[in-house]
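Across the two complexes that follow, chain A remains constant while its partner is chain B and subsequently chain C.
Entry: the complex of A and B
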């Protein structure tokens, strides 16, 4: 009986897939359904009450949530602006024949991605200290500026988070684009050379279109990563309570409601709004980029 | 014909030499650009390193900077770390244990699942694979609250099992292994069957050994994520004796902890193992990291 089963070619694939199915049902579908149900409920320890769309209507009028939503959205847009074109251009430069010390620079740029957010947060929190003696205030002093209270003010606090993101992810995104560049056939550039194309034209009409799959991939993961940013802000501001909520993100608000205030129902609604916004942006983006047309 | 080729190569060699001379300013410019970027990206590490020799409370009070004042610097923090009773080594070994446990389980189970996806055709395969892609796309933060509820219902809070279970069949690892296995001819599996091996015997004895290179790439990537992970372990673990290094470092940052001397040394030693791994296995880092992007 056992022997017949382990030699059975029909049953085998399902046995192989089984661990995924179990984990998927237990730790993905089930929490997903739970969060949808809870978002229509008032959840208190020991009691749950159906309240319809109350959590969602409350969210719309919740000024703090709108602050969190705006912060996350702003952060996502800025990470897209900074962390797609710049790494792409850096990848093209480092890939060119003129580059010396390619491997060294690739590693050097990648190193920040190896650090934990905990460590990165500690470094940035104190490098952006508000004292005149902190690293970044010494830097701005070189340009004749007075010291900033970096983490107390909305704009500068936001800049700290962006600098942290650029520090950690520039090298990683550059590697993505480098691996994309490897897939571009060299003949395209050769024939462009014959036609007398200049560097800009080659970049514009060969590199950018050919890199499109990589760009779409980086764009897709960056959209959710930007919208779901939380732990960076948590570390830099030493907790979830930044002055005037300047560092509060959607997930930060979810954490505050769900973990700190134990309002699981309300927090679930926050999570689902994030899920829907991210999904919508990505679907629109993928559609505009024509990903669905190809049929793979 | 032959002379023609050699003539051509001579010509191109000449052309190269000419372009090298002409491009020298460009080369220097590009090199300088990357040197400056690398310098900026590496300064935070340097700042952290310098800070490990400074008095912790003073760094907190003045902010981090790059100044070296040997009169005020000492090995005191390292002395405290190695001679006085402290939690850092407990956290360090907790992190190490959790990382190894998580990576071993993840790799083994994900490889098992990926084999099912790559080597069999069965009903529901496409749908299930779309589920894998879907899990990859949804950020963990959205599910963290219901997942946390579920883990506490299962009485798994404050345990390492509770941390590793939800991602034990890691979607991105499955995806990577499946890509890798698609390159292995199915004839090999068929040959195993003809030799009388069972379906699972083929996987364990025939396929697993072939997968070694892909294991290296995923082991390193997953180990890095696991070693650096902060959010989920922070939710699950309650008991400071079980904390991992990133959680521990975060607790050192609170105003109640007066262990500022350990904060920077601790951050520094948490970065070291990943750097060593990176230096030894750089190739695999890049391979694992960019696996998703190549196919788009």
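Entry: the complex of A and C
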């Protein structure tokens, strides 16, 4: 009986993926369903009460949530603008035959990804301190500028977060593009050479189209990562409560409501809104890029 | 052919065992939790766990526990004290209490966070029975801070009377006598004079804490919330307080400080440097001087805080820590008794002053000169004036800022948005306060 079951071609595949399915159901789907239920409830220790759409209507009138939403969105857009073209070009430079010390630059650029965000965030916080003696204020002093209150002003605070993101993720994205470049057949470039194409034309008409699968992948994970950013801001601003909420992200707001203020129901609603936005942007993006078309 | 069959069998066995293993691991976790390490000859073998967010509190509890175990051989306790960062500790405690697992047996909870833990059905033990023997001697309002529906859930630590700290060394150089500062107008004049003479800042404009706003509201007999517990952040009293503070800032009598408020490492560094000469802070700020600014010994004087008009109350109790016992605690009765002993008994109250430098809730102690004026005491040695001289002078003027459901939201809005936009961005005060009021009202809906 057992034998028949295991040798059954229909059942066996399911048995093999069962461990994954169980873990997925237990740790992803059930919390997800619970979140949906909680978003319609007022959750307190020892009491749960159904409140209908109250959490959602509250969310609509919540100005801080809009600030968080705008911050996350702005951060995502800027990381896309910075963290796709720059790593792509760096990858091309490193991949070029003329480049010396390839391995050195590869590891040097990748190194920040190995440091913990907690440590990096604290170091950035000190470097961008508001005292005249902080590292960055000494740097701007060389140009005759007065010290900045980096982390108290919206624009400079945002720049600090972007600098941190670039410092950390350039190397990682560059590696994705490097592996993408390795997959481009050399013959394409050779025939382009024969046709008399210049470097720019080769980049524009061979490299970029051939890198498309890699670019889509990087774009997709960057959209999620940008919208879900939290720890960077938490570390740089020494906690979740940055001055004027300049570093507050959607996940930060979820954390503030759920963990810091004990409003789990409201936080669940925030989380679901984030989920819907993230899914919507990515589905549209993947659709436009033609990922869903069969046999591309 | 046969070997293929064996291989297939092996694969099947491997698959089944791996599934079984995952299932077992999935179920494991919860069962293996309580390991009771004996500790030093403890009577009841339970190893108890207590969390706090201040290193000094840990030292204090350890000392009191030793005394307790000597005095009560039949009720010996074995407690492990853990210090966690402020935000971390409160967040962890909240998740643990919500899920009903992993909470410590006892915990220090900061007053601004306490209302969060009283929401719904509090997952904390009532402490009415252990407080009652001491109740008559204590400042009642401090116990009420940690109460809900007539039950007490937290043991208070101190009164936290707000006072002024003046760096007399720096003030004398600028020709300023701190004793002449009685009203905020005097403060403004002194600050402007100091700034003109030294080019340095006098007081602090706090952007991440509302100590000064609380004081100014208390002076006007007002509060952040009205009698029904509803927020009133745009009240005329609040507008007056912030208009006065902005006026002080414009006159260079106060300036924003790194870290946003004096009780921050960056700010303590700046004060230690002599960048600021005055701090208007609760009495527990004394301990920060000893810990973070030891080389300033002998320079600082303590005096009553300024008022709008003579005759207004000059102080308010601010900050504080309520010590709570969780519902899941082991050995509850003894633990509660010990904590009441550590924090409320005469011995405990004396240690709270001598070791921590706080103003104890038992005001009888304030007049015991042998304790308060003991020349060997490290706090008496550090400060130029005796803190209890000031405390006894303002004893009947110490007001209370109510603590209720609205307070965590109010704190959050003021300390992240409103105060920053007023002092850093110079936003219109009435507008900033109206927006704050609207935000808090929306959150409390």
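Note that in this section the second predicted complex is superposed on the first by the 277 of 296 C-alpha atoms of A that agree within 3 Å, B and C clash if a C-alpha of one lies under 4 Å from a C-alpha of the other, contacts with A are read in each partner's own complex, and residues count from 1 in each chain.
In the analysis below, contacts are C-beta pairs under 8 Å (C-beta built on N, C-alpha and C of every residue); 3 or more make two chains touch, one makes a residue touch a chain.
Treat the numbers as computed from the prediction; the structure is a model and nothing was measured.
Of the two partner chains, both chain B and chain C are touched by A:129.
Shared-chain residue A:109: touches chain B; no touch with chain C.
Contacts of A:200 after superposition on the shared chain: neither chain B nor chain C is touched.
Of the two partner chains, chain C is the only one that A:240 touches; chain B does not reach it. Contacts of A:6 after superposition on the shared chain: both chain B and chain C are touched.
Applying the stated contact rule after C-alpha superposition, one finds that A:143 touches neither chain B nor chain C. By the touch criterion stated above, A:216 is placed in contact with chain B alone, chain C being left untouched. Within the superposed three-chain model, A:256 lies in touch with chain C and out of touch with chain B [touch as defined at top]. A count of residues in chain A touched by chain B and by chain C gives the higher number to B. The residues of chain A shared by its contacts with chain B and with chain C are 6-7, 15-16, 19, 22-23, 26, 129-131, 259, 264. Against chain A, in their complex, chain B makes its touches with residues 23, 26-27, 30-31, 33-34, 37-38, 41-45, 47-48, 51, 59-66, 109, 112-113, 115-117, 120, 122, 125, 128, 131-132, 135, 137-139, 141-150, 165-169, 174, 193, 198-201, 203, 224, 227-231, 235, 245-247, 249-250, 253-254, 263-264, 267, 270-271, 274-275, 278, 282, 285-286, 289-290, 292-296.
Listing the residues of chain C that touch chain A in their complex gives 8, 12, 15, 18-19, 22-23, 26, 87, 90-91, 94-95, 97-98, 116-117, 119-123, 207-208, 258, 260, 266, 270, 408-409, 412, 415-417, 420-421, 424-425, 435, 438-439, 442-443, 445.
The touching residues of chain A, when paired with chain C in their complex, are 6-7, 15-16, 18-19, 22-23, 26, 43-47, 54, 58, 61-64, 129-131, 149, 152-153, 239-245, 256, 259-262, 264.
Touching chain B in their complex are the following residues of chain A: 6-10, 12-17, 19-24, 26-28, 30-32, 34-35, 38, 90, 93-94, 96, 98-101, 104-112, 114-120, 122-131, 133-135, 137-138, 167, 170-172, 175-176, 178-180, 183, 213-214, 216-218, 220, 224-225, 227-228, 230-231, 235, 238, 251, 254, 258-259, 264, 267-268, 271-272, 274-275, 278, 282.
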